[in-house]
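Order of writing sets the chain letters: A, B and C. Residues in each chain are counted from 1.
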Amino acid sequence: MKKVLIFAAAVCACWAARAQSSVTLFGIVDATLTYGTASGAGSSHRWQLASSGYNASRLGLRGQEDLGGGLSAGFWLEAGMANDNGAGLATNTNNQASGAAPAPLAGAAGLTFNRRSTVSLSGNWGELRLGRDYTPQIWNLLLFDPFGALGAGAAQPYVAAINGVTQVRASNSVGYFLPANLGGIYGQAQAYLGENPRDGANTERDGDGAGVRVGYAAGPLDVALAASRTRYAAGDVRQNNLALKWQIGPARLLGVLVRDRNATVSGNGFVAGAIYAIGAGELRAAFSRYATSAAGSPAARKFSLGYVYNLSKQTALYTTVAHLKNRGSSKMTINGAVAGGLGESSTGFDLGIRRSF
Amino acid sequence: MKKVLIFAAAVCACWAARAQSSVTLFGIVDATLTYGTASGAGSSHRWQLASSGYNASRLGLRGQEDLGGGLSAGFWLEAGMANDNGAGLATNTNNQASGAAPAPLAGAAGLTFNRRSTVSLSGNWGELRLGRDYTPQIWNLLLFDPFGALGAGAAQPYVAAINGVTQVRASNSVGYFLPANLGGIYGQAQAYLGENPRDGANTERDGDGAGVRVGYAAGPLDVALAASRTRYAAGDVRQNNLALKWQIGPARLLGVLVRDRNATVSGNGFVAGAIYAIGAGELRAAFSRYATSAAGSPAARKFSLGYVYNLSKQTALYTTVAHLKNRGSSKMTINGAVAGGLGESSTGFDLGIRRSF
Amino acid sequence: MKKVLIFAAAVCACWAARAQSSVTLFGIVDATLTYGTASGAGSSHRWQLASSGYNASRLGLRGQEDLGGGLSAGFWLEAGMANDNGAGLATNTNNQASGAAPAPLAGAAGLTFNRRSTVSLSGNWGELRLGRDYTPQIWNLLLFDPFGALGAGAAQPYVAAINGVTQVRASNSVGYFLPANLGGIYGQAQAYLGENPRDGANTERDGDGAGVRVGYAAGPLDVALAASRTRYAAGDVRQNNLALKWQIGPARLLGVLVRDRNATVSGNGFVAGAIYAIGAGELRAAFSRYATSAAGSPAARKFSLGYVYNLSKQTALYTTVAHLKNRGSSKMTINGAVAGGLGESSTGFDLGIRRSF
């Protein structure tokens, strides 16, 4: 039992000259007590000790090597975990339903680098990245939702989306990222493979897909547009969105417009919210809605209110309260409550601690 | 391939000022050749190369951050592993049978933080700990059995216990620990959730539970009492014990009294043993017994004798011999032997090496 | 998120005195775009983003402790991973088919130390090693194939071998290695256990086995001979080979002769190849063949040509092209293509990047 010494800022002079290549160990352990209740005859409430209420729990290793001439080579291995019970999270190997773990694997899913596992080359021309990575279009929902698409407050266009296997990440991807020095313009493009045999079957391109994201950030403004398509014989999945951020003093206003399509079903939604900094803490609020064209026209809107108090840069306490109202054939709830029927409402809260390293 | 430098004691002066937060990588790799044989017609013996004969093999990360004002935030992620074949050990996600991995997962169970995965806040008021952790009552068996509830010598009240899923650890737990400065008094309380929907079903509280442990350590004496209950519709599980340690020169005398209940079945047992230090080694001996009220009144008693030689603080060689005698409908054996019938006896040994880091 | 500082060579003076025991974190992330096509009516080609085209992707921890008197204690925990999708690789717990993960575990296999998980003692008498380790006989194929038994170019006696579960590694093994100072002679012996009950069943020794390897390296020459047997009621598996390396200036000539047996089927093969160093890169070429006595006398020969360019010691770009021709009832292909029938041919290539740390 020995200590791996870890430190925040500059290093000893005697080290500096040698540190041409480094490996960073990083992680987040986020635990939260959650409660959810719903309305309707036969409804149930639920208490849980859950993970990832504020930030997604993870354990990772990443490294960057300077190859000279502006070129560098990096890798990134990041595993999600459910620290409420110690399990790891499964990944999807081929961007199709067959690439996911079968359902009843309780307790057995070990550490997989499901969140990201990439190797990359970068230079002043940008970055080329290979492996499992976030899809371009998900960034607009992760970064422009005041609740970061996590916990009781997560926005409906993320929680209720009809975008399937590649909504958040894709395996077998090749990505390209614009360099940082383009006067505020940023962007990325990604293509990924379902790895089926090309044999003329109508499923031969299942799980193949591509996405693109372009944005502009300058001063108080940040705006980004993304579009993507994943191919399936049963009908392609398309995920498109537009996101806007505007900083006014201590307030950050956030908004996302979403338009999805999964085969013949379309989905539409939005998030409108704000983060307001107060000393070492911040207030978070959001209103979001998502509706689809599926049978019964399911729709739900959610109002979320939260507060985060930073004990340090690494440690934060947080709480969130959210209320959701279903319409049509929608039966969504918060924090694992079960509603008594269609069109009911649900309320829940999180109370947690997040420790990063 | 680079070295993460690791070191035992103080650190360079140039580091000390910066090291306000640290991450510790730790582990144990313990491999042992085991043999077991049993009596009776049709019995079999078995040779294995096994793990965790002396200390439980593991790999972990933990960290502590000083938040100022006596407050600190910590995390602990500890995975068990079977280093005889490289597999990780599964966890249980909900303190019920449904939260365990299905049986035939040979070779697939990856690294899960099944041993402990917690995030905590501590101060001069004690520690608040959230996640998967040891139950309070198991400590009396882990710490007061001369063989630490591991290997051929592990005491019967641990090996034969009727305490089910939460015998050793619980997921979704909230724990509180008394601070260290209470004049020898120590203690902890824990509550954990089965996370079922509260829907009026008679199983809605399955996997919920709580435990408490209080002890007193001063000079040669250490005594601790623990009690716990986990709720199930099929009948609650109760686990209670009382443990005593007395140090006399190089000899440590150890004893545990155990009283369990699983629905309508009760279990009773004890451990009486000693550890005797000789130079860099120690002799270990224990006599233990466990009996239940199940059909046929199964009971077994075991005598265990062992020796550990410490090549260094990190590396130890060890051997243990144990003999077990069944009574009534008991058919227990040592190290995977199979007995020819009820009431037979079994003998086995371990010969291993333990390396920690 | 903090940095674990990592460095290559000497350490600060203030450290040197303390570093008596160390833990090394190491790994390889290798991603490659692969393509394969095959001939025959109904054949298919396939594109994939794969892992381990040049070196096997892995993540590991190992440590060595100096115990004084020439004795040291070590451990080695090494996990394979598929960084194209973030999954870990499963292990085999008992050297039998029952010790492997059931097939459809897509996305769930977490990090297991399937590549190696050992604890060992070593001195001037050699090394004693316990746990899951490479079998002695596989080293001749890993080290004397110019393509290291990986990627599109991997030699047929490795890819097509009939050697089953213990072809590459064995769990529950006890190994002995000769010390390094024997004037160029090297060698190892290994025995491993299937851990079945010894109950007189004809499967009681399934998965038990042993292997031995002896070699001689001096100046430009390296030659090694290996033999092994794993016992199964269905018929033992025997794997024997002879390997030769000869260095002539920038060229390394390599050859392996292989003779296997699995129950009543015998297999024969060879590899003949070369590696030619050119500046920071190297050309690799190999011709290999493997044939068995199974129904229809399947046989295939492969020609592989590749180039590796080292951007640094850690980072390499590589490409390989290979062509395979089947004979008899053989239907092998390269990179996941499907052949239209028996006796067809296949072609494929890899284009990838390897980053080690």
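To be clear about the criterion, contacts are C-beta pairs under 8 Å (C-beta built on N, C-alpha and C of every residue); 3 or more make two chains touch, one makes a residue touch a chain.
In this text the structure is predicted, and so the values were computed from the model without any measurement.
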Cα superposition angle of chain A on its copy chain B, in degrees to the nearest 5: 120
Proportion of interface numbers common to chain B and chain C (over half same, under half different): different
Chain B and chain C: spacing of chain centres that average the CA atoms, whole Å: 37
Overlap residues in chain C, where contacts from two or more other chains coincide: 2, 4-8, 12, 14, 21, 23, 25, 88, 105, 108-112, 357
List of chain C residues in touch with chain B within their complex: 2, 4-8, 11-12, 14-15, 18-26, 61, 63, 65, 67, 71, 73-75, 77, 79, 88, 90-94, 98-102, 105, 108-119, 121, 130-132, 171-174, 192-193, 195-200, 204, 356-357
Residue ranges of chain C in contact with chain A within the complex: 1-9, 12-14, 21, 23, 25, 27, 29-31, 33, 42-49, 59, 81-88, 104-112, 311-312, 314-315, 336-338, 352-355, 357
